[in-house]
Structure formats: structure tokens, C-alpha cells
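First chain A sits with chain B, and in the next complex the same chain sits with chain C.
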Partner chain A sequence: MSLYFVTILTNMTLISFIAISAYLILIVGEVSFGQQAFFGIGAYITATLTTLLGLDIVIALFFSFMVSASFALVLSVLTIRLSGFYFAVASLSFAELFRLSLYKIEYTVETNSGTVGPNGPEGFQNIRWIFENNVSPDNFLVIAVSSLLALIILLIFMENSKLFKNARLVGKDQIVAQSIGIRPFFYRVGFITLAGGVAGFGGGLFALFNTYIEPSMFGIMLGVHGLAYSIIGGLGYPLGPLIGVFIDIGLLESVRFLSEYRMILFGGLVAAILIIFPEGIISPRLISRIKRKLVKKTNA
Partner chain B sequence: MLKIKNIGKNFGGVKAVDDLSFNVDKGEIVGLIGPNGSGKSTTINLICGVFPVDFGNISVNEQNISSLPTHERVASGISRTFQNIRLFKDLSVWQNIWVALQQDSDQSSGWMREWFGNSKLQKEKIKEILVFSGLGDRFDDLAGNLSFGEQRRLELARAIASKPKLILLDEPAAGMNSDEVADLRQRILDLKKLGLTVLLVEHVMELVMNVVDRIVVLNFGKKIAEGSPENIQNNKDVQKAYLGGA
Partner chain C sequence: MLELKGLKKLFKGISVLNGVDISIQQGTKIGLSGGNGTGKSTLLNIATGFLTPEEGAIILNGDNITHFEAWKFARLGVKRTFQKVRFNEALILKEQLHTSDAIIKRNLDMLKDAGLIDYLYAFPNEVPLPILRKVEVIRALLERPRYLFLDEPSAGMAATDLHDFGEFLKEHLDADISLVVVEHRLELMKKIDANIIELRDGKLDNGNIIA
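This part shows the complex of A and B:
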């Protein structure tokens, strides 16, 4: 595979983590404009742990997951009484707060591979893990894709569990969910936390791949894209967000020959998809229709 | 069974429910009536915990539930239907029952399995509840495709599926024709036969007068009368509240 192709695929894989984290929050019925912050937290944590402390990538990514999830936990508990627009705005404010604080965090150390550590607006440079460990772009793609696949398979297995079913019910109608004995806040807090962790994990991979991160990378457009991918892909099944990513980045890259006109084309395409599939491509309705067909078949 | 003692709820300056007390005994059907805006639905919402009481006490089987969140009240044996039908319309009829059945935690399989494993299908149980509710032939249909009367029945079936001791019915006959009301009346009597206790909030007097054992009348959030259907029909205060004037 050409380097160009590998890079595109890796970027698609990494942004899928944000799309999935947006998806996890959407299924409990909330909209978050702040997932880019958890992606950023994960990126900075992995960068710090691998360069300053020289920790293994597995441990670094684990901490990226845990720390981002903890921030998400705090955010979800603080916003427990907010929903709809109010939650969306709260998540955005949190993300901006995080991004702007990054400009003020400066802690650098000189090492033989250059200056490392968060350095305010200059960003975090020389994240040389892939060079030091001789990881080729192809190998990194394998690492990223296999983590993503593991996550997707886990989510697909969980789709039939009481945990995920109840979460979807809370997303559909919180009042009814409560009235049949479901504890809505548990699912809200749980899924927002999990979503934070997933975004953080993806952010960690992003830092390693990019070898350089700076605060402006974690602006609102990153979160909006993640959100858009899961909405285009649909909330019916964990593959939805991936389809959204594929349609966006995949198509965007494949029509590069159209140069400056391709963004116009792309905007129209997204609008057209949402007109034809108002609930996304793999909508919950589609999934329940397929499931009913399968059940009928086994009954017959 | 259900004891309501001096409860009150203010919305801003409006006393929606004001110092209300009444009891519902086990196995009884009690009607809660009153003109529009008299606080009937607020009372139901207070009993379910949709919002907390400002003062007073609600207890079920001697257990004080006034400060419990809704889902714990369901666990203590209260379930309800809604004034505006609320179903999971994109799920099928049996799935609507299943989701309620599932909430009953299954101790035998361990929590890992219960929460993360594939949830088990309790098909026999679902079928039994649907047949009891007169929806036996609608098993596989989408809840959103049912007729209005059937959707009401499905809501009632879902309320039964949570294994309640007390069912709160919030205007179940709203928008029904007289055949459907007669059917509903029979279904409420069937609930009584199962040993359930029913609190019925209703405007349709044709239903209330023919099904309940006792009636509580509210006006402006206060109880103005309580007694058998006959007594209530002849009560001067009640006539005044409904018709106005002397």
C-alpha cells in the first residue's frame, strides 16, 4: 500500500474513535459537542507518558482511557440535571475550557530526542515513540485497526445485553424507562464516561501517529465531525459511525481530482444522505425491522 | 396499601396539591376525580416520583416512599400508565412487554451474566401477559401500528409486566368510544381479580361510576369529598365544583 493510502486509512481509524464516542452518548439520548476534549486529554496523556516517563504504549493508552473517562465522569455528574441543548452547551464549554487551558500549560524537558512536554501554544513536540520502536506506518495502521476492531466487536456483543438495551430505552424515552424501573442517571453517567474513555484512547493513538500535537487540533470542528459521522451512519448498530467516517473521509479523498469543488460536492452529499435517510444509514428502525424478520424466521 | 398523608406541591405560587390525604386499601379500586386543573395528574406524578412532594408523606405497605426516585418506587410495587400514551413505538408489541419484564433482576445467573450477557427471552411469560390484555394476536406487530385502543391496552399490559401491587391509571379512557370504555371497564375489573390495587384518575364518569369501590374528589388541589359512587353523585359540594354556582 502506498504511504498516502496508509495515512488516510489511519486517519479514518483514529477519527472513528471520536465518532464512536459521539455515538455512545447519542444512544442515551444526549448530544455532546465536547468529545474532542477527551480525544485531546488522551493525546496529551499518552504523549506525556511515552516521552517523559518512557512508559510502554499499552500502559500509556490505558491511562489515556482512564483519565479521559474520569474527566467524562466528573462532567456527567456535574451536568446530571442538564439535557438536550443544555447538555450540548455544557459539553462544549467544558471542551473549550480544556483547549484554552492547554495554551497555558508549559512543562518542557530537554532530552536527546529534542524538547518534549506540553509547551502551551507551541504544542507537544517530538513524540518519537514510533521512530524509537521502529514502527512503520503499516504496522501502526495494524495496531490502530485492531484496537478499533476489538472495540467494535465488543460493542456488537454488548448490543444484546441488558446494559445496552436499557441505555437505548433511556435514550428513547426517559420517563417511560423510569416508569418500568430503569435508573436513567446510571446509564447517562455510565455511557458518557465510557464515551470519554473511548475518545481518550483514540486520542492517545493519534498523538503517537502524528508525533506532534497542539491545542488547536482539538477545536470544536473535530467534535462536530465525530458527531456528524455517527448521525450520518445511524444509531442502530455500532458499525454506523464507521460507515459515516467511510463516507466522509473516504469519498472526500476519492474525489480529490475535483480540487476546490469537492467540499461543495461533499456538503450536498451529506445533505442528500440525510434527506434520504433521516435517521442515518443504519437507523434503529432498520435494525429492529431486520431483527423482527429474523425472529419471525426462527419462529416459522 | 397506599397511604397519602397531608401531601402538598406548589408550582411557583400555585398550590397544585394542597394538604391532601387519602388511603387506598389492598385489592380496592379507588377513583380520583375532579374538574380540569384540580391536581389529579399531579397527585399521580407525586405518587410515582416524577417530582418530589414539598411536604407530607406517601407510603406503600408501611414503607415510606416519599423520597425514593421513580425506579425504586417501581421496585416497591407501583406501576403506571400515562395520560398521553407513551410506548416504545418502534419496538414490537412483545418487545414493549419484554423490556419491562427484564428489569426484574435475576439473582440466579449472577450480575456479570445479567448485565453483559445476552438477555434471555421470556416468551411464555410475554405471551401470557399479552393474552390477558387482549393483544394475543398482535404479538409481532409494531407498537406504533396498533389502534388507539390497543395502544392503551399495551400500556396497561406493560404496567402489569413490572409485577406491581398498585397500578395507577392516568385517564385511561380519554378519547375512547363507549364500546372501548366497556372493554376497559372489564379489564380494570380483571386487574382486581388478580389481586391488584388500582387508583384510577378519570374524567369519563361512565367508567368511574361503574368500576370503582370508592371515589376521592379533588378541587383546587384539595379533597372536597370521599365516598361511594352513589354518595358522591348526590354530594352538594361535588355538584358545585363540577357545575358551578349554587
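This part shows the complex of A and C:
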């Protein structure tokens, strides 16, 4: 595979983590414009742990997940009385607060591989894990894709669990959920926290792959893309967000003559898809229809 | 016993409930009547935890549960249905019962009587309203609540369906379930032998009743 192709695939894989984190929040009925912040937190955590402390990436990514999830937990509890538009604004405010704080965080150390550590607007340079460990772009792609695959498989298994069904009910109709004894608080906080962790994990991988991160990378457009991917992909199944990613980066970015016009095309395409599929391509209703067909087949 | 004591509720400064007292014993059937805007639905919302009263208390078997959230009322066995049926248009009815196959099997008779068996795999927009109304009742009944509040269950039903719905309730409400039905149509209340109480000017017409 050409390096260009490998890079595109890796980028698709990494942004899928944001798309899935947006998906998890949409399931419990909220819209977040702030998932880029958790991606950023995860990126800075992995960068710090691998360069400054020399920790193994498994441990670094674990902490990226945990710390991002903890921030998301705090955010979800603080915003427990907000929903809809108000939650969206709160999540965006949090993300901007985080991004702007990064400009002020400066803690650098000189090492053999150069200056490392968060350095305000200069960003965090020399995240040399892939060079030090001789990880080729192909090998990194394997690491990223297998992590994503593991997450997707886990989500697909969870999809039929009571946990996910209840979460979907909370997202669709909190009143009915409460009337049958489901506590919305638990699902909302749980899913927003999990979403934060997933974005953070992806961010950790992103830092390793990119070898350099800076605050401006974690702006609102990153979160908006993640959100758009899961909306056009649909909320019926965990593969939905990946379809969104594939349409934008896979089709538009990788077709070279289109890539200059990607943002224009993507905007139009999102509108067109939502007119044809108002609930995204893999909508919950589509999944119900497929399940019904399968049941009828097995009964026949 | 579920006791509602001195319930008062204001909406935008206007008093809707003005001191409602009622004790609901295990197994009683109550029909709550009253004109539009007399606070029947408000009373039902308060009794099931969906609204909190400005004054007064809700006591369940001696415990004050006034400030509990609605989901906790449901877990304590105080359940309800809604005036307008609430279903997720993207899910088949079987999934909207939010229960396990084992519990569905255990309640097969009830599902058959409701005519739901033929519609288990249908979307709500493919199902006649009287059946949806029964599905709402079934959804509330599956976990064997102690108290069931029905909010205008006959809204939008033809007279023949009403009769059928009454039969269904009579057949499937255990003797020890306490039922409170908010309803305009006396026919249904009579069918299930409910004690009819009227809500007027924010109070129950017969004062401190023990139903």
C-alpha cells in the first residue's frame, strides 16, 4: 500500500473514535459539540506519558481513556439538568475552555530526542514513540484498526444488552423510561463518560501517529465532523459512524481531484443524505426492519 | 397503602390542586372524573412522581416518597400509562415492552387477549390504537405493580373498543392491584366497578375519603 493510502486509512480510523464517541452521546439523546476536547485530552496524556515518563503505550492509552472519561464524567454530572441545545452549548464551551487552556500550559523538558512537553501555542513536539520503536506506518495502521475493530465488536455485542436498550429508551423518551423504572441519570452519565473515554483513546493514538500535536488541532470543526459522521451514518448500529467517516474521508478526500472541494461537497452531501435518510443511513428503524425479516425467515 | 395528603399545586400562580387528600388501599379501583382543566392529570402526575407538589406529601406504606424521582415510584410499584400513547416509531412492539422473552412467555395469555400476538413484530404505526392502548397497560403491568394509574385510557377509542378494553382490564388486573383511572367516560369506570370520585375546584368532592 502506498504511504498516501496508509495515511488516509489511519486518519479515517482515528477520526472514527470521535465519530463513535459522538454516536454514544446521541444514543442517550444529547448532542455534543465538544468531543474534540476529549480527543485532545487523550492526545496530550499519551504524549506526556510516553515522552516525559517513558511509559508503555498500552499504559499511556489506558490513562488517555481514563482521564478523558473522568473529565467527561465531571462534565456530565455538572450538566445533568441541561439537555438539547443547552447541553450542546455547554459541551462546546467546555471544549473551547480546554483548547484555550492548552495555549497557557507550558512544561517542557530537554531530552535526547529534543524538547518535549506541552509548550503552549507551540504545541507538543517530538512524540517519537513510533520512531523509537521502529513502528512503520503500516504497522501503526494495524494497531489503530485492531483497536477500532475491538471497540466496534464490543459495541455490537452490547447493542442487544439491556444496558444499551435502556440507554436508547432514555435517549428517545425519558418519560417512558422513568415510567418503567429506568433511571435516566445513570445512563446519561454512563454514556457521556464512556464517550469521553473512547474519544480520549483515539486521541492518544492520534498523538503517537502524528508525532506532534498543538491546541489548534482540537478545534470545533473536528467535533462537528465527528458528529456529522454519526448523524449521516445513522444511530441504528455501531457501524453507522464508520459509514459517515468513509463517505467523507474515504470518498471525498481520497479522490484527489475532489479533495480541494471536499468541504463544499461534504456540506452538500450531508444535506442530501439527510433529506433522503432523515435518520441517517443505518437508522434504528432500518435495523428493526432487518431484525424483523430475520425473525420471519427463521420462523418460516 | 398509598396516601396523598394535602396536595397543593400551582401552575403560573394559578392553583390547580388545592388540598387533595386520598388514601388508596390495596386492591381498590378508583375512577377519577372531573371537567377539563380540573387537575386530574396533574394529580396523576404527582401521584406517580412526574410532578412534585408545592405542598403535601405522598406516603407509600408509611414512607414519605414525595420527593423521589418518577423512576423510583415505578420501581416501588407505582406505575402509569399516558393520555397520548408513547411509543418509539422505530421499534417493533415486542421491543417496546422492554422486557425479557421469559416474562413475555409468562404473560402470553394477556398478550393474546390484547390481540398483541399478531402485532409483536409490527411498528406502532401499523397497529390499531385500541391495541396500542392495551400494550401501554401491559407494559405497565408486566412487572406486577401494586398501584396502576391510567391517564384517559379510552381517549380516541370507539364505543365498541371501549367495551373490549374494559373487559381486558377486568380480566387482567389482579385483585390486589390498586387502580386509579382518569376518565371522561363513565361506561368504562362502571365496567371495572370503580368508585367514582370527582375532582372539582382543586379538591376531591367527597373530602377525606378512604377508598
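We adopt the following convention: the second predicted complex is superposed on the first by the 288 of 300 C-alpha atoms of A that agree within 3 Å, B and C clash if a C-alpha of one lies under 4 Å from a C-alpha of the other, contacts with A are read in each partner's own complex, and residues count from 1 in each chain.
The rule is simple: a residue touches a chain if its C-beta (ideal position, glycine included) is under 8 Å from a C-beta of that chain, and two chains touch if they have at least 3 such contacts.
Keep in mind that this is a model prediction, so the values were computed, not measured.
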- prompt: Does the chain A-based superposition show chain B and chain C clashing or fitting?
  reply: clash
- prompt: Thinking of the overlay built on chain A, is A:T298 touched by chain B (first), by chain C (second), by both, or by neither?
  reply: neither
Query: With the two structures laid over each other on chain A, which partner does A:I180 touch: chain B (first), chain C (second), both, or neither?
result: both
- request: Would you sort A:N160 into first (chain B), second (chain C), both or neither based on which partner it touches?
  value: first
Message: Applying the document's definition of touch, where does A:S288 land relative to chain B and chain C: first, second, both, or neither?
response: both
Field: Clash-bearing segment of chain B, relative to chain C, as chosen among 111-119, 219-227 or 237-245
entry: 219-227
Query: So which positions on chain A get touched by both chain B and chain C?
result: 165-166, 169, 172-173, 175-176, 178-184, 284-285, 288, 292, 295-296
Query: Tell me, which parts of chain A touch chain C in their complex?
result: 165-166, 169, 172-173, 175-184, 236, 279, 283-285, 288, 291-292, 295-296
Message: Quick check: in the complex, which residue numbers of chain C touch chain A?
response: 48-50, 69-72, 74-75, 79-82, 86, 88-92, 95, 98, 121, 123, 139-140, 143
Query: Which residues, counting only chain B, touch chain A once they are in their complex?
result: 48, 50, 69-71, 74-75, 79-80, 82, 86-88, 90-92, 95, 99-100, 102-104, 114-119, 140, 142, 158, 161-162
Task: Show which residues of chain A lie in contact with chain B when the two form their complex.
output: 158, 160-163, 165-166, 169, 172-173, 175-176, 178-184, 284-285, 288, 292, 295-296
